[in-house]
Amino acid sequence: MSIWTNIFILGLVLTDFRLLATSRLATVIQTTVFQAFALSAFMLTMADRPWPPLLIFLALLTLMVKGLVLPWLLRRAMRETGAQREIEPIVGYSASVLVGIVLLGLSFLIFIPLKTSVSQESAFLLPAALFTTLTGLMIIISRKNALTQVVGYLVMENGVYAFGAALAVEEPLLVEMGVLLDVFVAVFVMGITVYQISREFDNIDTDRLSELKD
Amino acid sequence: MIMDLMLASLAVLLFGSAVCVFAGGSGKSASLMGAITSVTGAILAMGAAGTILWTGKESSLHVPWQVPFGSFYIAVDPLSAFFIITISLVCALAAIYGTAYMDIYRGKKNLGAAWCFFNLLFASMLLVVLSRNGILFLIAWEGMSLSSFFLVMFEHEKAEVREAGWVYLIAAHVGQACLMFLFILLGGQNASLDFDKFTTPVGAAAALFILALAGFGAKAGFVPMHVWLPDAHPAAPSHVSAVMSGVMIKTGIYGLVRIVLLIGAPAQWWGWTLLIIGAVSGIMGVLFALAQHDIKRLLAYHSVENIGIICMGLGLWLLGVSINNPVLATLGLMGGLLHVLNHALFKSLLFFGAGSVAHASGTRNMDLLGGLLKRMPQTSLTFAIGAAAICGLPPLNGFISEFLIYLGAFGIVAKAGTLGSPAVGGLIAMASLGLIGGLAAACFAKVFGIVFLGEPRSENSARAHEVPRPMLFAMTTLAALCIIIGLAGPLAIKLVTPVARQLIGDANVSETSAMACGILWKISLAGGVLIIIAGVFWGLRSILLARRVNSTGPTWDCGYLAPNNRMQYTASSFAWPVIGMFQWLVRPKLNVRFTKGLFPQHAEISSHTDDIFRRNLFAPIFKLISELAQRIHRLQEGRNQLYVLYIAITILILLLVKVR
Amino acid sequence: MTILSSIIHLFLTLILSPLLIGIINRTKALFAGRKGQPLLQPYYDLIKLMKKGSVYSTTSTWVFRLGPVMGLSAVMISILIVPSGGVGGLLSFSGDFVFMAYALGLTRFVTVIAAMDTGSPFEGMGASREVQFAIIAEVVLLLGLAVLAIGTHEISLSGIYAGLWTKSISPLGPVSVIVAFAFLTVLLTENARIPVDDPNTHLELTMIHEVMVLDHGGVDLAFIQYGASLKLWLFSALLVGIAIPLRTGLPLVDVIVNIIGILAIAVLVGIIESCMARLKLLHVPQMLVVALSVTVAALLWILR
Amino acid sequence: MLISIVLIPLALGLLALVIHSKGIRRGLLIIGAISHSIMTAVQALQKTHTTAGIWIGLDTTGLLFLSITSALFLAVAIYTVGYLGRDSDRKVMDSVEGFLFRNEPEAVFIACLLLFLSSMSMVCISRDMGLLWVAVEATTLVSAPLISFHSHHRSLEARWKYLLICSVGIAVALLGNYFMAFAGHGKTHLNLDNLITGAASLDQAWLKAAFLMLLVGYGTKMGMAPMHTWLPDAHSESPSMVSALLSGALLNCAFLGIFRAHSVLSAAGLGSFSGELLVFFGMFSMAIAAAFMIRQSDYKRMLAYSSIEHMGIMALGLGIGGLAGTGAMLHAVNHSLTKGMLFLVSGQILFTYGSKKTDDVRNVIKTTPLAGILWLFGFLAITGAPPFSPFLSEITILKGMLQSGRWFVAAGYLVVLGVIFIAMARIVIPMVFGLPEKEKPFDPSHINQREPIWFAGPAMALAAVILVMGLYIPGFVWNFFGKAAAMTGGF
């Protein structure tokens, strides 16, 4: 059980690095599907069997929203806006990976003083979740394509969700579902905005979106 | 009874300001209503204050008021009463003057608003000296600042007026911030900011004093916080300038005195500080005044000078209290306070005069004026009296108050001592007063000589005419008061003795006051004799001339055959030698274009004097802050990525540093 | 007895003051090897002027006419205060010298504005210089008196001068010498004598006092000249009070000694005028600042 | 029923989406606003405070913020109806670059406004950190379309930034919620009463981490520097009434989130930890806002930075606690009403002059006198000049600081306030007074027309309230603020 948890967590970390390293938008979106799978899987692995039905439902819902609906939405937006690749990123891909390693290190560092009785199954869960969150932020910071930034947000949200997943056994599931709904709507609204932007500007290069300043 | 009168006065004023707003924007009715309510309010207030000064008792009114820390707590004690009288007197006369003065703006400007703010200014000044609660005081204080700000902005279409208004508003607010800090510190842990509940936190007396100095000094115009003053006072309509310069800045003095009383026993360095500030303000004020070309600006700088004199008097007071020398304390305080009244009288008289000149000639530039005495005889006469009074010349009122300060200073000097002893304080006061007196005389010789005497230097002054009767009435009254106080010094002392008794609280006050009275009687005698001798000589002269041939002719031209009016000495050239002596302080700029070639076409010379404190102290600070801000503006450079980076960095730092 | 002496002194002052001008002129003439005008010439001048009619500029106003009258009256008031050595003035009170200084200021003020009333550029120029020099001279005077006040612990002029003999300032001490020097400077400045101003110059551009009264004539000029001689007497008396601090206790003797001293001062002024050239106008303030500095030095000395 | 305060605007909003008639739709807006006000008033008048299960409930603090939201929304709704009547469907000329654009559909706009109200009410009444989070996220999502009502590239940019930055922030806040759950060893529900009563058993390190994340997260939404960056863009590009709502109501909601977190930490004995952080970020926000207000060339941005400043003041007051906390609560009211009024006035000025550049606006006092006077008074009020109500709250906060002996914080606070006053005066005074410096062609028909009643009414009502509250705060109201500031969960 613990082994399985660790495997999925490792998978989450590896997908993060893939996200940092890749330039193709399609690949980025695809990677989020893997993340969704990893998330819903270790959510289950952490609970004692037999799994509560509500937990199973939540895992399936997570998989559906994060692994199916949102990627579909994003792919659609990608087609509509015609943005296949990342434009010249602000931080290069290899540099991003290096930063990623530093962030991973920091994530471990941060959790040294934070001890918990929850999820003792894996010492890696919390750092990995935080690392995913930071990866999401890193993607938003370093990429110029507005759609990639939406994906970045999604990744960040995945990281946060991983914390929630660790708690899912005890936390009221209702809120978890609310969270999921909110993420869905957020990405949806952002997708619409990106679509409108591409109509207004003919592309979704965020360099164009830097007119308002002091 | 007393408080009823005061409340009635406030009510009348507020009613007046409300009525004026609705009395029609341009009509005569606004002027009439505004003036009538002002004068009524003034009479009521003076009645109340006069009773208090007469009896020396205190009257108060404490009404709960549902505002945090606030209460409607007002009181009249001799200190307040003295200021109420000063304020009311000047405001009433200014209102009368204003009825005619504002006529030229009829139809062009919203006079209703102007009168509304005038009445508000008057009411808030009264409330400032009445209030005994921090919140009420701050509200009144701000009301005073704001209503005068709107009056300063009266002719807001002029760029320099807007600039002046801005600077004024800033100065007022910086002062207000200090006062907030001050009152709240004094309030301590109390739930109420009533003055009588104030306590000085242990060890905070120095901070409190500095805060009071900064907060009230900004209003009073202590150097270097005076920078707003020479801009703002000339910008307002002249009767408002008179009120601002004559009494509004004195509320700063009032506040300082009041707070020093509340803080508790003064330390010796407070006195020194006030003395030095006073000396610097006095000297710098008069020097800058001397360098001005604009008559109202010049008068505004003279307010800085006179505030300096008052401040020196207060400095001697604190020095006297701290070294337990009641004679020095009493004389300093009485001199300072009496100068508050005297300055209010002659400064408003002079501003009225300057307003009349501007009214009649359309310009305030002295180098364009001249020969107004023949065209405006009565204005000129009153102005001359005001000018002599502000120079402290006997037998006028300015001398009386300055003399009291001198007397205190010499008293402490004659006691001798060592370096660093209060005797040095006395010397500083005395030497500065002497220097200020000489400079002021030079300055007003220039103003009166250039503006009113000689021949007109331009069409403006050639066309000038005497001003309407209400304006003359105000000026004549003030001039008469200047002479009366000058000749009846002992009676003037009676006005401030109750205040001194309240503040110093010592039997010695009566003794010193009686001593001063005795001396002032001799001065009155000398003044009387002076007038009699002058009368005798005038008679002698008339008799001698009556039997001789008396003819007139052109001014002796020293052999030059074609003099014209533009060849007269100008204000700038008159003042230049004096300015030259002090150019290391004042830093005037001379703009010269010499003649060139065999057939020179054009040459010119002009002088210009910026306020060095503004140019070298405040402008660089503002520039520095502004540049720093511009640099910070780059943080908001437009890209989302950067913004998210800020968030990420904040998270990381907080998590790494703060979680332990 | 004292009051009587004071009255006698006042009487003598009013009568004898024009004589000072005569003495100065005579001394100068002596030095120049001329025979010179009669000692009483100033009196003849005054009488002559009194008899004259008037010519007034069309520009001028009542200010011009009032100036000499007020100026003379203010000087006379000041004279009342000045003691003659140990014998007090008729009018004496604490801080009376402030009144005196300011009354003299009044004289200056009315003279200056009367000059400006003519609209003449020359008189404006003179007025400007007059006020310029007076600014420092007044401070020197006040500080000098402060030195004496500290020394004698008195704050009235009569008290100070009465105390000079008995109290701490020794007549030969450095402090009184300094103050005497300062007062001499003030005297020369205030009375428009060489090296500050040359009363006999004939170029208007270089004058100070004389140029201010260019337009005055007749009885007005008489008032002005009489006032000037009184003012000279006044400053001389202040100087003599320090320089010859003889206090016999017999008021009349004191008065007479003092008057002799004043006449001697006139001779001294004559000698100075004969030996020195007029300073460049720009250097006058420097001289006054020197006087100011030494006075401050005296203050520091006495405060120690 | 307490929940109806959320559900009725929600229902009306959804209804507005499907209704075609313009008149009815606008009527719905007014009905929503009025009914919300009535419900709020009813809640306020009830002696006992309502709880409805563990999820929702209305405590004093919640009631305070609910009232602010309700009052401001009412003013805005009236203004909006008039505003839409003026230029809903016509093509509008962009004031900055001069191109024509069309507004977004009015139905969406009104619906979003009502949903916005609904979600903000939800924030106010939620008693659960999770629900609170959901509601705050919802406010972001429904207000995004409001920002780009004037549908052009700048407003789209602003909306994009708003969405992205706030979403990131809210995600961080969610992290904070989870950390708080970790602090409770995964066994405590995030119900506020639970948290506060059981605060002693919470893990302190996790609680600290949780607070940090909630601070950054809700701080982003609240406009706390350095997470404030979306705020000036969104405020300057959205229509004025939306700016008013964002500034006056939305920021408060985020502040409420921080307040809740702070009360949990206080209960756990970590009050000084969270307080210090609030003080630091409060001061920092004020300083940053001050820097950006110096030589600000756009007056709507100026107002936006002023909001950042005031959020800083509120955070500062909350962080110091005690009397300063009471002041912060009072300040929330004062700031919202004043800023709301200022934004409404700015909308009027923008309409008249067709420019957001301060340099193009001169002599407002003559062109549109009411707007000029209100603009000036609003400026004085917002900078804390007596006798307007923000003065009282600022001085209360100052007194709170000095009573807790924080001299240097107090001095810094006053210095920054002074700088801000100077900077704002530099901008406002030339706008209100003076003559136009350069000729700018603007629609002359806009000048000298009477200010419409739908502008004058709400703006003057708000101005009257801040003036009255500056001169009179009855004792029970004052106690109410004190109670609202109490860290006990507010009941």
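When the chains are written out, they are named A, B, C and D in that same order, and each has its own residue count from 1.
One rule holds in what follows: a contact is a pair of C-beta atoms (placed from the backbone, for glycine too) under 8 Å apart; a residue touches a chain by one contact, two chains touch by 3 or more.
Fair warning: this is a prediction, and the values are worked out from it, not measured in the lab.
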| item | value |
| --- | --- |
| For subunit C, the least number of touch steps when starting out from subunit B | 1 |
| Which two chains share the largest set of C-beta contact pairs | B-C |
| Farthest-lying chain, centroid of Cα atoms versus that of subunit D | C |
| Separation of subunit A from subunit B, taking each centre as the mean of its C-alpha atoms, in whole Å | 69 |
| Mean-CA-position distance for subunit C and subunit A (Å) | 98 |
| Length of the line joining the C-alpha centres of subunit B and subunit D, rounded to whole Å | 44 |
| Interchain centroid distance [CA atoms averaged], subunit A/subunit D, Å | 31 |
| Per-residue overlap in subunit D, given as positions that touch at least 2 other chains | 160-161, 164, 168, 172, 205, 209, 232, 292 |
| Per-residue multi-chain contacts in subunit B, two or more chains | 633, 636, 640, 642, 644, 647, 651, 655, 659-660 |
| For subunit A, residues that touch 2 or more chains besides their own | 113-114, 137, 140, 149, 209-212, 214 |
| Pairwise chain contacts under the document criterion | A-B, A-D, B-C, B-D |
| Residue ranges of subunit D in contact with subunit B within the complex | 160-161, 164-165, 168-169, 172, 205, 208-209, 212-213, 215-216, 220, 226-227, 229-230, 232, 273, 277, 288, 290-292, 294-295, 330, 365, 380, 383, 385-387, 391-392, 395-396, 398-399, 402-403, 410-411, 414, 417-419, 421-423, 425-426, 429-430, 433-435, 471-475, 478 |
| Subunit C - residues contacting subunit B, complex | 50-61, 63, 65-66, 69-70, 72-74, 76-77, 80, 91, 93-96, 98-99, 101-103, 105-106, 108-109, 112-113, 115-125, 127-129, 131-132, 134-136, 138-139, 141-143, 146, 149-150, 152-155, 204, 214-215, 218-220, 223, 285, 299-300, 302-304 |
| Subunit A-facing residues of subunit B, complex | 633, 636-642, 644-645, 647-648, 651-652, 655-656, 659-660 |
| Subunit A residues within the subunit D interface of the complex | 113-119, 133, 136-137, 140, 146, 149-150, 153, 156-157, 160, 163-164, 166-167, 169-172, 175, 178-179, 182, 185-186, 189-190, 193-194, 196-197, 200-201, 209-212, 214 |
| Subunit B residues within the subunit C interface of the complex | 370-371, 373-374, 384, 388, 391-394, 399, 403, 406-407, 410-411, 413-419, 421, 423-424, 427, 430-431, 434-435, 437-439, 441-442, 444-445, 448-450, 453-455, 515, 518-519, 522-523, 525-526, 529-531, 533-534, 537-538, 540-541, 544-545, 548-558, 563, 565, 567-569, 573-578, 581 |
